[in-house]
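Please find the structures below.
Across the two complexes that follow, subunit A remains constant while its partner is subunit B and subsequently subunit C.
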Partner chain A sequence: MKIFMKFVVLAFAYLCAAMAFAQGSGHLELTTVVQKEQISVDDDGKQQKELVQAATVLPGDSVIYTITFRNVSQESAENVTITNPVPVNLTYESGSAFGPGTVIEFSVDGGKYYSVASELTVTENGEVRAATADDYTHIRWIMQNDLAAGAQGVARFRARLN
Partner chain B sequence: MTVATIARASGICRSRFQIYVPILAVASLLLGNLASAAGTPAGTVIDNIAEVTFDLNGTTATQQSNVASITVEERIDVVVTLQSGQVLVAANDANRSLLFSVTNTGNGSETFSLAIDSILAGDDFDPVPAVPAIYFDTDLSGDFSAGDVAYDPGTNDPNMAADESVDILLVNDIPSTALNGQIGRSELSVAAGTGSGAPGDSFAGQGDGGVDAVLGSSGGLAVQFGEYLVSDVQMSIVKSVLVNDQFGNQDPIPGATLTYTATVEVTTGAATGAAFRDVVPTGTTYSANSILLNGGALSDAVDADLGELDTSGAPTVVVRLGDLSQADGIQTIIFQVTID
Partner chain C sequence: MKSVINLNGLVTRLATVAAVLLFSQQAFAVGTAAGTDVNNQASIAYSVGSVPQTAVQSNIATFRVDNRVNFTLVPDPNPVVPTQVNVGDTQVAVRFLLQNTGNQTQDFAFLPTNEADGVIVNGNTDSGQMNNLSVVADNNDDNTVNDAEDFIEELTADATRVVWIVADADTPIPNELLDGDFAHVLLSATVRAGGGGGLGGIITTSASDTVGTEDVVVAVGGVLDEDSASAQNTYQVASASLTVTKASLLIDDPINGTVNPFHIPGATVEYTITVTNNSLTVDADAISISDELTNVTLVADPFALGYDVEIINNGAAAILDCDADGGDGDTDGCALDLDTPAVGTNTLTVGNANLVITVVANTTLTIRFQVTID
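Moving on to the complex of A and B:
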């Protein structure tokens, strides 16, 4: 009986795993968290910054978005590209986008056209000028290599609440 | 494999995302328009969804992340600025007003209480607050007048949306003992109804829509004084005009010459650095070198003599009368223009 129960439990576990794999196949797991820096003082009176979950913010506050992506399939994923809009009411902070093994591009037109920061322009009153961080509407991270089965990557940026 | 993993990949979850996205897009449009100088409105919820596209086994797929949300807290801030500059008064004047502008520089709506203090350091006399002493400049005249509504603490405390301003008058009497040249200060202080104190102090659930309210750099309190300057100088200015047309008549037709005569007299006290300024009327052209002071001609150029035509803005006749007292008697200024 005990052995049978063990078997049932084990079978259920396998089933769960199989279901997860079935769901996961053809998928990447993608999670985003938003955090802010909090300055705390340790016992020695030394200040240190730590990232804490940002549930609430005030105008002028900076928040950090971290996007984690993981290949939960059993195949290698190619052409992996992460896209994130600069959230409404926030302004992207220049130079803050980060993503190991990725080329980072920006859009100033709601995600229709992307380019690296140095080549992006804005047409204003008929005049073409270099785009600035204030102009960015979207950010994307293009992975340079394939994402192997089970591998994960991270993309991050910082923005300030208007 | 955890159950959570299964749930995240389940169809129920995915369909919720699909519903969520269009709602988010509409909210974004609305909120974008609400952004103001005071910052993103308190209570705004900002959602973020990342997206990944990839090729797996030759098939391109797209996947969305969870929703990461932040809620905007209310920042309480207020600024008071003096609008009226130094107000010239005489001893014994009643109901003289100072004009202030109060602006809610926070990102939520807030009620403020107002207070006056006329016993301040750094001045020569204490103005005496009228009863009541604080008024809304209801008719926007910039001065205390019959249509202005009195402030009644706790009853009509101004409630202002983010970025909103209200004009406030402090009304004081000038004591009989105030002497010429003396200054008296009166101060308006404005405190947020939610609370005031040190910047960063927080009031749980007290913000718009139940978010926390946090004191900004003002600490929820703004204080500004204005000044009354006792000036016993009283002047009388009388201006008249004479029309002479080119046909020997007195018709104000194009080409007719208008001769303006202004008489200036100090009736009480002594003025220092008095200057007469009169903008050349629209639709007329100043007649060159026509300024006369007490019968003597003054050039139009900015030079050593007392008169000039100031063309830095609208053409203006300027006669610098300098120090002037009753003993100097009537000063007569004449200049001419022609009708265009």
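Moving on to the complex of A and C:
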């Protein structure tokens, strides 16, 4: 019960933050927040992970970006694609990108060409090799379905401070 | 050189090169500099009724990189190779390397101490103490012990600087240093705030996390709130090192004269004792050479010099000679003690309070005399 209440409070706080930050004047609103994962131990001695504000971030620490998008219009949006560059000084953490109902692609050339992770390559010293998470410069989430009026979606990824 | 798919001309190429260089530096660097703001902005593209719409930008999410305080201190070379020191030497340096493995420019304060007797470093047991320990930080990075400061001033993230402990092996020595003794020293370093203008103040972990500010996390060696580290180094004493050799030359015997003489009673033998000081820096003071002469008799004034024993000291200006007869009260510095330590043994001693012999560093002293076989 206690945990559930905490979740509700967190969710509410998060929603408020999202609304406060919301941008855009068209059909869609888009918000990004940066957080850290904090592990705490509850009264029963169980470890809990929760996302907190990224207050103290040191080299080697991971941060989590959560991108929330919402259709605030009366019309359905098609071909919805969210794009996020991997911020300067951060390295994308392999496998961390998440987005329900989306296909996730990556770019290693500054966002000019995208592909799913397994098909990306890098040419280094004249040799072609599979791209790794260290190579990624951009991430994008392609929604497989339309975003209905009033509907909301979320995309998320984790990155490590160099 | 790394290149990526879809290179579109020189500008892109140069940009890629720059990006790769940047990445390479980051890969080797300790971390992103404290105080850096890391920004993130997402965008969303979409269509409505098959008509593409203007992409929407998100807010910019920002956090500020905090100051992780960390450093390493090691002897150089590592593991320690003892630094040779002669008794009497002063201002002998042993070397350490301090690397700032944090992500902010810092100062560092030092405290040098002697390790106690019995402390073992790299298999060598401490049995002596150095005097007058001080620290010199190579703040001008010229790898020469010529800096005034005993603290590190403004060491940037990832950079390494040389620090020396400088110590004397002179007298009075708290714990007499002998040849071959090891004297370990300990250098303790404490991180201080950077910012120039001399040694910065003590820094501590920020009391609270504050969004958008550069918080401080002091964690030397990965231990939260630890602000110090230490390393050991070693002096090894090499005192004035004397080697003594004795050579004999058969001069004559009563039957054959000087032609093919034999070691028979009445034969004359010339002895040459050579004392060499192998130290390059330390003089051997007040040496005394004793020689036991068994069943022989010292020849008086064999070289027609007016003395029984010839002393040639290469390191001294004058030739010193002395008589060995017991009748002069040994005031000339030579003594011939009969039947010492055993009957039939005469002990010749050269050098005493009346004749202070110094073998200067890297020189030789030669003592020459003759005896007849009883």
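General observations
Basically, the second predicted complex is superposed on the first by the 134 of 162 C-alpha atoms of A that agree within 3 Å, B and C clash if a C-alpha of one lies under 4 Å from a C-alpha of the other, contacts with A are read in each partner's own complex, and residues count from 1 in each chain.
The working rule: contacts are C-beta pairs under 8 Å (C-beta built on N, C-alpha and C of every residue); 3 or more make two chains touch, one makes a residue touch a chain.
Just so we're clear, the structure is a prediction, and the values are computed from it rather than from any experiment.
Of the two partner chains placed by the overlay, only subunit C lies in contact with A:109; subunit B stays clear of it.
Residue contacts after overlaying the shared chain place A:97 against neither subunit B nor subunit C.
Touch criterion not met for A:64: it reaches neither subunit B nor subunit C. Contacts of A:121 after superposition on the shared chain: subunit C is touched, whereas subunit B is not. Once both structures are placed on chain A, subunit A residues 21, 23-24, 26-34, 54-60, 63, 65, 67, 69, 73, 75, 77-85, 87-90, 147, 155, 161-162 are touched by subunit B and, in the other complex, by subunit C. Residues 1-6, 8, 15-16, 19, 26-27, 29-32, 36, 38-50, 52-54, 56-66, 68, 103, 206, 209-211, 215, 217 of subunit C touch subunit A in their complex.
Within the complex formed with subunit B, the residues of subunit A that make contact are 16-17, 19-21, 23-24, 26-34, 54-60, 63, 65, 67, 69, 72-73, 75, 77-85, 87-90, 147, 155, 161-162.
By the touch criterion given at the top, residues 21-24, 26-34, 53-60, 63, 65, 67, 69, 73, 75-85, 87-90, 108-110, 112-113, 121-125, 147, 155, 161-162 of subunit A touch subunit C in their complex.
For subunit B in complex with subunit A, the touching residues are 1, 3, 5-6, 8-10, 27-28, 31-32, 35, 38-40, 44, 46-57, 59-61, 63-73, 75, 107, 211-212, 214, 216.
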